[in-house]
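The letters A, B, C, D and E name the chains in turn, as written, and every chain counts its residues from 1.
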């Protein structure tokens, strides 16, 4: 069964065409990597899939819901790791997660589990603003999985992550449907059976096969 | 001849010991990679070497000058790529570089060369704020090499860079003394004959050999 | 008792002596009555505050030239103690103003400039609190402290430069009876000792805080020279 | 999904951040004192005209302190890109909004707790329950509006500039009605009851309107 | 290393950024008009007392506009982390400083170009060369101080709040002397020459002092 169906996703930034008619279908439990050069449109696509950005045109359905009209209902099911971490620097790592537990309406016991999953248990009581770049990235991943979303959108989650990036991500992605953008081909191959290659905003590679599948 | 000699570099962030007595000697023309887990102290060390941050204690000599007292004179010789790109979003890529040409007192003809070196010629007239994360990283690298510094400090320069990261960096690092922090061991091995491993702020690996050398 | 506590006790005892002189020795003013006794502490603490801010100024200049943390710690201590004494002057003045002028406050040059003085150095303390401890905080604060000192002469000369409701200089004009003058100089000496002791104790506290935060005196660029606690 | 829990969590987070960094409260308090000072320089005040001028200064100080406090509340979220993260959760925008408004108005109330006694001290104007009631009533509506516009301008560049521009026109009713109420509470002629009634009406109007608008402001 | 070239480059960059985004100018101008409006509401103004109150409003508006304009100038650099990049170059801090001061005071001058005619329009006060000269002279010193403290608070948390706190006390001389000059230029009794002389003295004093301090403020 397909969890996510995107259709002709196109986005213009002013006169700049960032994404041009991308179609994609992602099945439940599938892991898909998005590859492409700098400026190919990966972030733009992922922001659309995470319902943070509305495309200029195109349709998107997630879990059978219209992703633009029923955004609020979808948000229980979507986790998103963006380029910017979006943490509160004055709060400790644990307090950051506790706050998002409240907003997500999940039990605070999830905090410890999430911290453990990303290997930050040791610095749980340190302020987020004082963590190193890689630690902040981990915390941002922890926040995205707090509510155990069915769909996980990861935009370069490996950025600044240490040697254990692959194991950490494998663990995090287990049992979830994942769209992952990265520049690390080895990592993409290891984590994702399927790959979408973007070039100048158009989909290539598996994506061409996708058109037929749809 | 050694270009950079650091001695007992130690930095405390409040009560957090980020760097503890790191000694290092880097010869002219040498390329050294700094590796380590998240929070190992790589960024802290590199900021000190770039004379952006003054350590709590320790000495640092670059090109025979005291790096703390004669910072201004040194800055002709040091280029630094930080975690944050520090670009002006409202200016175009070319304008950003032109501005730094003026501050560095180098000819504006360097702009085109630098843009070309990082593969941004095509987007030279686009605003920096509208570039993708990888493009901004490239622009930040271009700025660091504008004045052809003898010493180049690169903090995860490969972050978000596309497939051509290795070639690009090889090109950029040619004929320069380089300290490069990264999480990509393969890249480090390919670019740098020597490696310094940090663990909890202390140097391991080659660094231990360094103590003897000094 | 360690030596800090001994000094503090001695300073407190001196203040009691001054208090005794103020209430027992000094004559009652025949126009204003007993409320005039506020005068002694009011003026002494203003002068003590000037002294503290001079420490901030000198400490700041030395710090900018040598990066010597000792100077910076004295500056910090001076700012805090100076704000305390400025507060005393303000409060005493307001308590005095109510019966004499009929209101706690008027906006004349002396009062306003004193309030501004308080604000400037409170701002100095805020800069310290709101920046990460270390060299940068010390440098920024030193600049604030140096610029802030401009207000000290303004406060002092405000009564001669502008027409104020606040009385003008009476001590230098020899307008006081001898007993009052003696009491005043005694109070001033005791207050200055108290201020010096407070700066010194505070300096110790700042040193301990710095040690906890690993702001070492390890690498002074030039050999340390300590500023006087009170010039 | 309990909106009260969300609002509380948001307010608690803001207050905790403030408590940790102690950025706003001490500075805001002193900022108020400073506003008093400039007010004084601009307009020669004496015991005679104090009740006429003091309310003006009160409102000027409150308006500028409020602009800073409300501006900061969303600007901080925006700088950290945490606004996007917060909106990615299923929490209701109205609840998020209410939480931020509660935290910001708490700050403003603290300002008032400094400002009102300071006015009494410096200008000799009375400090009565009537004055306090008028100021607090005005705070409610001003907070609702201020936080809404702060949310709008946080998405825009140059928020420091746009915020006063958008907020002040809609604060004017509160400034006028509040000013009247305070003036009459301070002994000038004027109908206190009527002004307070107006304030309450405006409060209800703008709290309802901003709650309705919250959903549209805090999206995408 | 030519410091003039650096100062010019910095000023040009700031002005160009402003021109591109048009963040500050229109908003600042309208902000000024709004300040006039509030001033109007706070204090019943008529033809009789206009020359006494108009200068107060002029300075209040200028002070707040200045705080915003100067605050923004380094805050933007800080947010973008470009301050660090700029300080990594061998360019002299004094030159960087001067460049930022030039760009920021240009903004303030634009404000004044709106504010002065507006005052004439609303309050009927005269709009003469004397008034303009006084205001411009005050701008110089205020810009030097404002940019210096903006650089200081950019390194500190809660900069929006600390900036007025630090800057206003040292702006007071300009407010007083400028206020006197404007009042006497508008026909109230007062010695215009003397006030202008004071302004020039203060300008020289603070421009020299801030140039000396620039090196310490823009480091690390």
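In this section, a residue touches a chain if its C-beta (ideal position, glycine included) is under 8 Å from a C-beta of that chain, and two chains touch if they have at least 3 such contacts.
Just so it is clear, the model here is predicted, and its values are computed rather than measured.
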item: Shared chain contacts [chain C and chain E, defined touch]; value: B, D
item: Identity of the chain that, by mean CA position, is farthest from chain E; value: A
item: Chain pair with the most C-beta contacts; value: D-E
item: Rounded Å distance, chain A centre to chain C centre (Cα mean); value: 58
item: Length of the line joining the C-alpha centres of chain D and chain E, rounded to whole Å; value: 26
item: Chain centre separation (chain A, chain B; CA means) in Å; value: 30
item: Chain B-chain D separation of Cα centroids, rounded to whole Å; value: 46
item: Residues within chain D bordering two or more other chains; value: 21, 23, 27, 30, 34, 37
item: Where chain A touches two or more other chains, by residue; value: none
item: For chain C, residues contacting two or more additional chains; value: 116, 119, 122-123, 126, 130, 135
item: Pairwise chain contacts, counting only pairs that touch as defined; value: A-B, A-D, B-C, B-E, C-D, C-E, D-E
item: Contact footprint of chain A on chain D as seen in their complex; value: 1-2, 5-6, 8-10, 13, 16-17, 20-21, 80-86, 88-92, 96, 219-220
item: Complex interface listing, chain C residues touching chain D; value: 94, 102-107, 112, 115-116, 119, 122-123, 126, 129-130
item: Residues of chain B that touch chain E when the two form their complex; value: 50, 52-54, 72-73, 75-76, 78, 80, 82, 84-91, 95, 99-100, 102-105, 127, 143, 147
item: Complex contacts: residues of chain A adjacent to chain B; value: 13, 16, 36-40, 43, 83, 123, 126, 130-135, 137-138, 156, 159-163, 165, 183-185
item: Chain D contact footprint on chain E (complex, rising order); value: 21, 23-24, 27-28, 30-31, 34, 37-38, 41-43, 52-53, 55-57, 59-60, 63-64, 68, 71-72, 79, 157-158, 160-162, 164-165, 168-169, 172, 175-176, 179
